[in-house]
């Protein structure tokens, strides 16, 4: 089976190559590009299932299931060596399924969505390239290879966000995404170095391979301080890639890319890379409770913070973007608590319903002829029924209504928060739990606000647009339906044992990423009580949203005024974070380098000094010139003076 | 008996006079004459040492010095004539083509 | 005794002087044929140098293909040539880039073609000579010989301010090399008095045996370092580079960026470090500070350049700052990374200049504001430009990443603080390159002049194809390159570690660096 | 004793004449003063047993060269030179004079203590036989060289002075 492992990433690469060639030379027809792109990812998906099946067999015979396939030695410099190798264990297996599965559905969807886009082949080339890079990241056997995939996905998101590059705004968003990702990668890189040299101090020549690291850390040979710095630096990389508090600014702007891109990259796969990396290195993070607490707190903070911004956005994709940031916050919260399987479980379910929501919004935008502002939508329920129903189901899932996949995963995280293990999380569990629940309620509110404003009430989009609205073609609707079904049914994967489920995913992942033992503070009965209470609150919020946005639309304006407008304006303008970053970092950097560095240092000081020397030499030579007066007796006189001087010297000596 | 020091003092005085003339005077001809004077001063000291050392070489050197002086005077005067034709003056101050 | 044996000892001389022969032929050939003849000669040189690559034995440390002949015998100056892993790769870079540059300037140069092509070949001989020379005077001769053709190329075929730039370039390098000459002489006589026991020798491997007092060693190192730092260029001495690049013709600035800058770093690796290891370790902090300043300063200034070529020039300052940082990490990863970065910088910056040359030939301007939306007008060009830009940013999978990663890894061990700051250079690199890329390639085609631009012609395709292929190959398969330079780098590291251990006064032990691989063929 | 007084006589005459040469207004008077100096020096040479040199001095130097000078002065009929015309003149004159005097003093001071004994000298010393014997054996090369110099001078003078060839 190891032989086929390399086929999984290489197939999309092959697809990207062919489509890329097609894009350059225009040789391939739309149909050909279409087939290549989708079949390539489809086969990858099938192979992924086979791999998981193989892992299941291995697990069956006991022992930690793992498939490793080394192809060649990539870099070898002295004692440091990196080989191009792939590692698939249950954790990677799950991610594989998500990336190829959801990826395949989105590929099919994009054939419809991008149907009349001139750069059709280039789009699919980039999407395939992205799948290759993501698979490399997931299956990379050592941290360097993971880093290659890490930057590869950053590159593809840059290419795809700025896909319609003729619009400078979109191109700028692409660049912003890449640069912010690069800041994160800077942290990741430093983390690698600290780890490598930390091990070197202990006399271990590690090749940064995950399997190797696991043994070394197992033999707890590394000092605590090194591990904490490594974990925090790697977490900086994760915040860059998965858009957490400090480095999330690029994700909302990334909505400038085509919607399937947002669905694939900025909802399902790339942004989850950070969560995957931390659970992949769970053995490292478990060594440093401080790092884990930082991850948990940042996760919780982001969850709440992004949800507040989501409340007031009017662009359908922006709302979903902030909701993604918030849901990622939940995943990091889970992983920070040590509940790695809960984090991954939420990652999977989030991939389903968020991809469905994004594709749904894509269908809406498609239907509305490119219109993205929900204030000009409304009453689309009748016009695009399929989109409406899939969108509604996904919204119910994300809200965490009982029985849906969202409920299963989010509740799992909240339970983990409640039962936080004190020696792994230094922050009180109930605080994280309350932040989580508040976030969940906010999520419910803004999601249903979105649904009511878009699909209910009367159409606010102007007469001619009204009869233009039409249902999307089958190629777009089918993936929507599949995803909607998955987001409802997906929860069965890991039914918590409170509801006497068998937690299959949890056990499946226990080998690769063992979770932290939970400390039951509240007791069984109270837990169920809290769960029920949360459900009631959720239903209440749905009703509140219904009343505010449908029954009497005046309420939102009045509420905004009542709240004094400040929190509203703050939230609407996303706490002016972009402007702060701009004034604090970007603009000063430009002015410093323009005025100070180039203007003064380079031109004036360095160049000035050299040209100055040239001027001094010219002036000196001019001065000497004047001595040659041309008067003969002047010269004779200087001879006489010279002679007298010598004589005097001879006389004196 | 006339000792060599007398002669050397005479030569020094003559040499100094010639040098002063060269520096002070404006007229090229006078300057050339002063040069001749300086050459003669040198001849005196040559002869003095020849006499004192009793070797004939001093006289031969004087002979050569005179030959050179003659050549120098010839060419110098030719230059003066050429200068005069061109600048119609012999005054050194007006001739500063070699200005830096 | 296969066919290679007879020329084993003369192959280096053949490689070095073939371009010279080519130059002579080109000068005498009719103008029309000059281009083709020059291209064929440079291709022939490349072919011969490929033989070097395959015949090179990666396991053996020390100089290979060694050949020594009498030159000025009573001063002990010999014509000795030989290469180890590092100079092999740089020789190949030179012979690889020159045909590309010659082919690239077929249309760019219209007047005095014979002179241009001849000078380019002369330049190649100068560079190759410098890389293979093992006699310190021979090296100095080639070091100076290189300047003249470059000076003329910039001075004659350059842009508006070419004379100023050419003179500045020339004076900067000469000033440095004069200081180096003094140091060479001191070393030469020091050898005579100590190890040489009365005999003179300018043979590098003998000079490696000379033990110098710490104070003297520092001064000598500073002299050599200054000459090479100007060439690298390092921070305070870099202002000649932007002028020289902006004013040089496309071919000139490609060669200048791809190979001439490597002369400085090669000088450090071949001369400054092995000859004065103790001083190198002693002065490492200052050099590292300059390198880091160079990285960050180069990147920041590159961000605000209105002219593409100046931007790329300042980016070279930044990239070579990385190389210097790697060199002064004194461990195998750092030095191998810096040698690798030398190669990949040659390819990526050389490629960038070729691309800038392409658009300069069409629009005769280099101001970024003049362009916009070229990706729509010239898709092929955009694709190549994208790949080369990504390689210059150091995207994994392309050649830039391998070098930069190894450098940062190596120097992190030696100086964590410096490396952390230097690593921000990676971010800044992305910022200014992508910023330039966006303004030149993306956005609407608002400038009417840009609409009708032709995409890459077949010839331009042939010029850029090898560069792009090598960028990808060196990104995916660095092993053959790294393994070839491994013994030489290991040797250098052991010399430095051993020598910097004690004050180096006692002179080298008998064995000294095992730099002489097999018995040199010489009629000495 | 006779020799002593004759030497002083000649010396004083030559110094005074030299003064006239330097300070003389009219070029002709300077020329004549120079001739007088040369004559006086010829006398001194005779006292020093340098008979051949003395005759040459009178014949060549006073006779030929000074005639050349007089001839040129006549050719250019130079009037007396007014010394005080150029302002710069006074400063240069003063400085020149002082330095010349200082030079003379220094030289004289050096030589005054130079009381060396005069060597015994044979009868034919300074005569034509001895000089010519030496001239054509030891000094043959300089002799040929000096003839070349004279030839060059003649050609040079003609080229420079003649209006057109």
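We just call them A, B, C and D in the order they show up, numbering each chain from 1.
Throughout what follows, contacts are C-beta pairs under 8 Å (C-beta built on N, C-alpha and C of every residue); 3 or more make two chains touch, one makes a residue touch a chain.
Being a predicted model, the structure only gives us computed values, none of them experimental.
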{"item": "Pair joined by the larger number of C-beta contacts - A-C, A-B", "value": "A-C"}
{"item": "Maximum centroid distance from chain B, chain identifier (CA atoms)", "value": "A"}
{"item": "Nearest-to-centre chain - CA centroid comparison", "value": "C"}
{"item": "Geometric centre distance via CA averages, chain D-chain C, whole Å", "value": "72"}
{"item": "Separation of chain A from chain C, taking each centre as the mean of its C-alpha atoms, in whole Å", "value": "39"}
{"item": "Interchain centroid distance [CA atoms averaged], chain A/chain B, Å", "value": "99"}
{"item": "Distance from the mean Cα position of chain D to that of chain A, given in whole angstrom", "value": "105"}
{"item": "Residues within chain A bordering two or more other chains", "value": "633, 637, 640, 643"}
{"item": "Junction residues of chain B - those touching two or more other chains", "value": "19, 23-26, 93"}
{"item": "For chain D, residues that touch 2 or more chains besides their own", "value": "92, 95-96, 99-100, 103, 107"}
{"item": "Every chain pair in contact, whichever chains are involved", "value": "A-B, A-C, A-D, B-D"}
{"item": "Touching residues (chain side chain B, partner chain A) in the complex", "value": "19, 22-26, 31, 92-93, 95-100"}
{"item": "Residue ranges of chain B touching chain D (in the complex, touch as defined)", "value": "1-10, 12-21, 23-27, 29-30, 32-34, 36-37, 40, 43-44, 47-48, 50-54, 56-60, 62-64, 66-75, 77-82, 84-85, 90-91, 93"}
{"item": "Residues of chain A touching chain C in the complex", "value": "20, 23-24, 72-80, 144, 147-148, 150-152, 155, 158, 162, 165-168, 171-172, 174-175, 178-179, 182-183, 185-186, 189-190, 192-194, 196-197, 200, 589-590, 592-594, 597-598, 601-602, 606-607, 610"}
{"item": "Contact footprint of chain A on chain C as seen in their complex", "value": "168, 236, 238-239, 297, 300-301, 303-305, 331-333, 336-337, 373, 375-376, 379-380, 383, 390, 395-397, 401-402, 405-406, 408-410, 412-413, 416, 419-420, 423-424, 426-427, 430-431, 434-435, 438, 441-445, 476, 478-479, 482-483, 486, 489-490"}
{"item": "Contact footprint of chain B on chain A as seen in their complex", "value": "624-633, 636-637, 640, 643"}
